[in-house]
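Across the two complexes that follow, subunit A remains constant while its partner is subunit B and subsequently subunit C.
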Partner chain A sequence: MAGPGFSGGDFKHEEQVFLGFTRTQLIAFVLMVVLVVVSPFYFYPVFLMKVLCFALFACAFNLLIGYVGLLSFGHAAYFGMGGYLAGHAAKEWGLPPEIAILIGGATGAILGLVIGAIAIRRQGIYFAMITLAFAQMVYFFCLQAPFTGGEDGIQSIPRGVLFGVFNLNSDMTMYWLTAGVFLIGFLLVHRIVHSPFGMVLKSIRENEPRATSLGYRTDDYKLMAFVLSAALSGVAGGTKSIVFGIATLTDVFWTMSGEVVLMSLVGGLGTIFGPVMGAVVIITMQNYLAEFGAWVTVIQGVIFVLCVLAFRRGIVGEIGNWLKVRL
Partner chain B sequence: MDEIFGIPAPLLFGQLLLGLINGAFYALLSLGLAVIFGMLNVINFTHGAQFMMGAFVAWMLLHYFGIGYWWALLLAPLIVGFTGVVIEKTMISRLYKLDHLYGLLLTFGVGLIIEGLFRNQYGSSGMPYRIPPELQGAWDLGFMFMPVYRGWVVIVAIVMCLATWLVIEKTKLGSYLRAATENPALVQAFGINVPRMMTLTYGAGVALAAFAGVLAAPIYSVNPQMGANLIIIVFAVVVIGGMGSILGSVVTGFALGVIEGFTRVFYPEASATVIFVVMAIVLLLRPAGLFGRA
Partner chain C sequence: MAHLNRRALLGGAAATAAFGALPAHVARAQAANTVRIGVLNDQSGLYRDVNGPGSVACVRQAIQDSGVTARGVNVEVVVGDHQNRPDVGSTITRQWIDRDNVDVILDVPTSSVALAVNTIVRERNKIFLNSSAATSDLTGAQCSPNTIHWTYDTYMLAKSTGGAMVRAGGDTWFFITADYAFGHALERDTSGFVRAAGGRVLGQVRTPFPGTTDFSSFLVQAQSSRAKVIGLANAGGDTINSIKQAAEFGVTRRGTKLAALLMFISDVHSLGLETAQGLVCTESFYWDLNDRTRAFTQRVLPSMPGGLRPGMGQAGCYSAIMHYLKTVAEMGVPAARASGVETVNRMKAQPTNDDAMGEGTIRPDGRRIQPVYLFEVKTPAESRGAWDYYKLLQTTPAAEAFRPLGEGNCALVRS
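And now, the complex of A and B:
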C-alpha cells in the first residue's frame, strides 16, 4: 500500500510501565478513568452512556483499521445485530442484562466470523466495499426478519436487574455498568494490541508479504482480529439497546458504519485514545445539532473532508505529535 | 406460451424487463466507477450522490428554466461533470500520494455533503419527473406490453456502454488513458499531461453517473436518497465483476439486474439480498472477481 499508513506515528520507544501502557499513556488512562467516574455527577448520565457505547464501538473498529490496516465499512452490521439480539434476549427470553450483552457480543463474533472469512480474501479498497455490501445485506435481512420488528424496531426492552442484585432502572446504576463494560472493552483492545498477537497484526499492517514469509498465516490473524473487533462492536450495540430500551434499523444502516469511521478519523486512527475522543466529539455535536436535521449530515461530511485533507492524525494524533509521545 | 415454470409469462417477462432496467443502471454506474478507478485508483464513493445530482439537475432544468428531457440528457452530465472536475482539482488530487483508502473516505464525505444539502433544500420525499411525450406509451410485443421509455433506457444504456468501451479501446485518447493507467510516470515523460487526464477522467466518470441519473429521473422519483442505496449494490456488482475490464463490468451489471429480476419472481423475499449472495459465492470461488486480474 502506497504512502503513509494509518498508524499513529513513529516516536522514540518508550518503556511500558503498567499493563503495556507507557508512562504518558498511563497518565492519560488514569485521567480518562477519573473523567468517566466524575462526569455523571455533572452531565446527563443517559447522554454519557451513549458516548461510552459509541466509544467502545469506535475502539473496536479502530482495532482493525489502526492495527491491521483493514478499513471495514460495514461495522454497523455487528453493532446493530448485537443490539437486536441483546434486545430480543432481554425482552422475549427474559434473560438478565449481563447475559443479553454477552449474547450481543456473541452475535457480533459469529457474524464477524462469517463475513470476515469471505471479506479478508480481498484487500484495501475491495475489502471496504465487500464489508459495506455485506452490511447492507444484513440491513435488508433486518428490514424483513420478523423478530426485528421492521421499521418499528424492538421497543421497550427491559433494563432488568444486573446479577440479580442491581436494578438498572436507576440511571446511575445503569451508568456504572456501561462504564464498566466500556473500560473492560478498552483495556481488552489495549491488551490485544500489545500482545504478541498484536505485534503480528501490526507487522501485517506494515508489510503483509513479509509477515507471510516469516511463517505467519496472515489470513488467520486478520480473521481473528476481525472477529474480536466484531464481537466488541456487538457488545457495544447490545449495551446500547439495554441502555435505551430500543433497537432499531438506524444502528444497522450504512450511515452508522460511516459514523464509526468518522469517530475514529476525528480522534485519530491507530491511537489508543483517539476513538474515545472521536466518539465524545461526534456524539456531542449530534446532540447539539439534532434540531438542524439534515445539516448534521452536511457537517459530518465537511468534517470527513477536512480530516482527510488537512488533519489526518486526528485530535489525539495531533496532541501526541505535539508532545512527541504515542497516545 | 402462457406459463413458464408455472409462472404467468407476462409476470416473468415484466420482471425480466425490470431486471434489465436495473441492470442498465448497475452497468452505467459500475462502468463509471471502473473508469475512475482505473485511472485514479480511487473508489468514487460520491458516485451515488452524483447520480442523484444528475436526476435533480434534469428536474431543476425543467422546473426553473423549462428545459426539457432531451437537452437535460446533454446538459445535466456536463454540469455535474464540471462539479466533478472541481472536486478532483481541489480535493482528490491532493491524495494521490497517500494510502488509497483516504480517497474513499474523502469521496464518502463529499457524498454526505451533497446528499445533506439536497435533503435540506428538497426534503426526503420524491419529486415526479414526466416521461417526455415522444417516449410515452407502450409497444405490444405479443407476449407483453413494453413501456416505450423502459425499452429506451435499456437501449441507450447499452449504446452508452459500447461508446465508452470504443473510446477507451479504439481511440488515441483511449490509448493514452490505458497507457497512463499502466504507467503514469512513463506517459508523462512522453509529454502527455497526466494530471489533466486524471481530472478529465474523473469528470467523464461523474458525467456518466449523471447521465444515468437523468435516465432514471422518469422511472424512479427524484429524491436525495436515490443514489445512496443504489451505489452500495453497485459496489457489490464491481466486486463481482472485478474492475479490470470495461466490458466485464457492463456484462456483470446487466446480468445481475436480470438475476435480481428472476429472484423477484421465484423467491421475492431474497430479491434485495441476492446480489450480495452472488458476491459471497464469487468471492469464495474467484476472489479477484469474474473479469478481474488477481
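And now, the complex of A and C:
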C-alpha cells in the first residue's frame, strides 16, 4: 500500500525523548502549542476554533489512511452524526457541553464499529466505496429523521457551562475548551501511532499478508483503528456543533469526506503534523478567499493537482524530507 | 509529466502570499457617522442569479436613492459568499459583527443559514434584514426582536399559489412532492389552502430526494389524475427538471396548469418562455408591475450583472435598505448603531414605502407585509419584449397574504 506519498523509509533513526516524540517532533509540538496559545490574541477566535475542529478531524482521518493505509471515503458520517447527536444532547436533553462532546465521540465510535466491521473485509477501492455507500445512507437518514431538522439542521444549540463553572458564551473560554480537546485528540493519535499497537498498524500498511503470517489478526487491528478514527471524528464534529451552535447536513454530505482527504493530502499523509497544517491551509483558504466565490473550489483543485504532481509528501512531509527528519 | 520546478513554484507561492497578505493588515478605522451593511448571500452557486451580485447592485442603488450621504451619513457595503453552508455563513456573520463593525446583515437566502444568522445577530444585538430565505420560522417559533423578514416566506407562497389559484379556476390539484421535510411542508400547507378555498386534492406522488432526474412517470401519473393543476412541491434543480419534462410532454399546452411553489423570474429567464409558458407562481415583486417598479428597474439595470432584471429577493434588499437608511437618518448614526432592537423597533413603527416594493408595514413579529401577486408565465406569442414574462392572475391583499399574527407561535407576540 505504501506509495511515494508516505514519508516512511530512509530517515536516520532518532531517539524518542518524550511522550514518544523525537527531538524534532518535540520542538515542532512545543511550537504548535505556543501557536495555539498565542494565536487567539492575534486572530479571530471563532475562525481558529473552526480550524482546530477540522485539524482534529483530519488527524483522526490520517490515523486511518496514514498509518493503516485505509482510504475511508465516508468520514463525514462520523463527523456529521457526532455533531448532530452532540447538538441534540446539548439542546434537547440539556446536557453540559463536555458530556455532549463525549456523546458525539460515542456516536462516532458506534457508527464506526458497525460500518467498519463490514468495510474492512474488503481492500482498496472496494473499501472506499463501501464506506462511501454507508456515509450516503447516514446522509439520507439525517435528511429524513425528525430530530435533525431536515435541511434547516439543529439550530441554536446552547454552548452551555463547562463543568458547571466556565461559561462558554465567551469566545475565549470556548476557544480554550476547543484547544484542549484538539491537543488531547492530537496526543492520543500520536500515542496510538507510537504504541506497539501502532507498530502493528504500520506493518499492516506496509505488508498485510506478512503481518498475518506473523500471527496478527489484522482484521481486528484494522477494526480497532477504524473505531478510534471514527470516535475522534465524532468528537471533532461534536465540538464543532457546540462552537457554532448549529449542526447541519453540510457536515454529513460526501463533499465533507472529500475535504478531509484534501486536508490530509495537502498537509502530508502519514505525518503527525501534516493534517493540522492541511486543515489550517484549507480552512484559511475557504475563509479568506470566500469573496472569490466559485474560484475557491477552483483554487482548491489547483492546489490538489500541484500537491499530487510536485509535493507528493504534502507540506509537512516535504519539510521533513528536506530537513531529513520525521515530523 | 516532467518535474515541475519546485523552487520556482515555492518562490511564486511565497510572493503571492506576501502580496496577498498586505491589504489584510491595513487597520479599518471607522468614522463616527458610518454604518456598515453586510450583504451575505450565494455569490457562486445555485442562487447566484436569484440573489448574488444583483442584491449588491440593488443595495448600492438604495444608498444612492435614499440621499443619506448628503445628510452626512456614510454607508459602507461589504459582501460575503456563504456558499449555502451554515457554518461558513455563521463564521462570516460573527467576524463581520465582532471585528468589522457591521451593523446590518442583509439578504441571506437558504433557510439553514438564515436561522443560524438569526441567532447570532440576536446575541450581538445587531440587525438582520432577511430578504431571500423562505422559512416562516424566522417570524414564527424562532422570531427575534432584531430580525425583519422582508420579501416572502413559505406560508405566503403556499397561500397565494394554493388559495388564489383555486379562485382563478384551478380547483382540482395533484402534487409532485420532493420526499423530504421541506417538500412535505410545502405540500401540506398548499393543500390546506386549496381545500380552504373550496378546491380538491386528487392525489400526490413522492419523488425520492435528492437524485431524481427523471420525472416522466410522475408527470404521467399526475396527468392521468385529470387534475386541473399540478403542484410542484420541490425546489431548485428538481423544479427546473420537472418543468422541462412537463414541457416535453406538452402538459401545459393541453390546458393543465403547472404551479411551481418556489420559483423566481430568473428561473423563467433561464428556462425560456417556450418551456416555461403556462407556469403559475407567486412573487411579491415584478419589474413590470407598475410605473414605480419600472422606474426602479430602469435606475438599477445598468449595474445589474449580465443584464438580469431584478427579482423579488433583490428588490427586497433595495426596499429594506431604503427603509433602514431612512430610519438611520432620523435617529442619527450613533443612536442607530447603539442597539439593534431599538432601531428595528423604530423601523417597525413606521410604514415602508419605496419604488420597488411599494407600500408595506412591519408587524411586531418581524414579518413585513404587502400585497402578493399570483402570476402566469406568458406564451412566446404574448410576450412583447425582453423580460416580458408575467401576466397577473390574482392579487392577495396584504392583510390576507401572510400567516395571521397569532398563529406563528412567536414569543414577541405573546408577551
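Keep in mind that, in the parts below, the second predicted complex is superposed on the first by the 318 of 327 C-alpha atoms of A that agree within 3 Å, B and C clash if a C-alpha of one lies under 4 Å from a C-alpha of the other, contacts with A are read in each partner's own complex, and residues count from 1 in each chain.
Just so it is clear, a contact is a pair of C-beta atoms (placed from the backbone, for glycine too) under 8 Å apart; a residue touches a chain by one contact, two chains touch by 3 or more.
Only a predicted model underlies this, so the values are computations on that prediction, with no experimental measurement involved.
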| item | value |
| --- | --- |
| Which of subunit B and subunit C A:312 touches, first, second, both or neither | first |
| First (subunit B), second (subunit C), both or neither touched by A:172 | neither |
| Which superposed partner A:184 touches (first subunit B, second subunit C, both, neither) | neither |
| Residue contacts with subunit A in the superposition, subunit B compared against subunit C | B |
| Which of subunit B and subunit C A:144 touches, first, second, both or neither | both |
| Which superposed partner A:129 touches (first subunit B, second subunit C, both, neither) | first |
| First, second, both or neither for A:44, with subunit B first and subunit C second | second |
| Contacts of A:153 with subunit B and subunit C, given as first, second, both or neither | second |
| First (subunit B), second (subunit C), both or neither touched by A:244 | second |
| Intersection of the subunit A residues that touch subunit B with those that touch subunit C | 143-144, 293-296, 309 |
| Subunit B to subunit A touching residues, read off their complex | 37, 43, 91, 94-95, 97-102, 104-106, 108-117, 119-120, 228-229, 232-233, 235-236, 238-239, 269, 272-273, 276-277, 279-280, 283-284, 287 |
| Subunit C contact footprint on subunit A (complex, rising order) | 44, 46-47, 50, 143-144, 149-153, 155-156, 171, 240, 244-246, 248-251, 286-288, 290-291, 293-296, 306, 309-311 |
| Contact footprint of subunit B on subunit A as seen in their complex | 1-6, 71, 73, 118-119, 121-122, 124-126, 128-130, 132-134, 136-137, 140-141, 143-144, 254, 258, 261, 265, 293-305, 307-309, 312 |
| Of subunit C, residues touching subunit A in the complex | 1, 3-4, 6, 9, 24, 43-45, 48, 79-81, 83, 85-88, 90-92, 94-95, 98-99, 111-112, 115-116, 119-120, 135, 137, 142, 180-182, 209 |
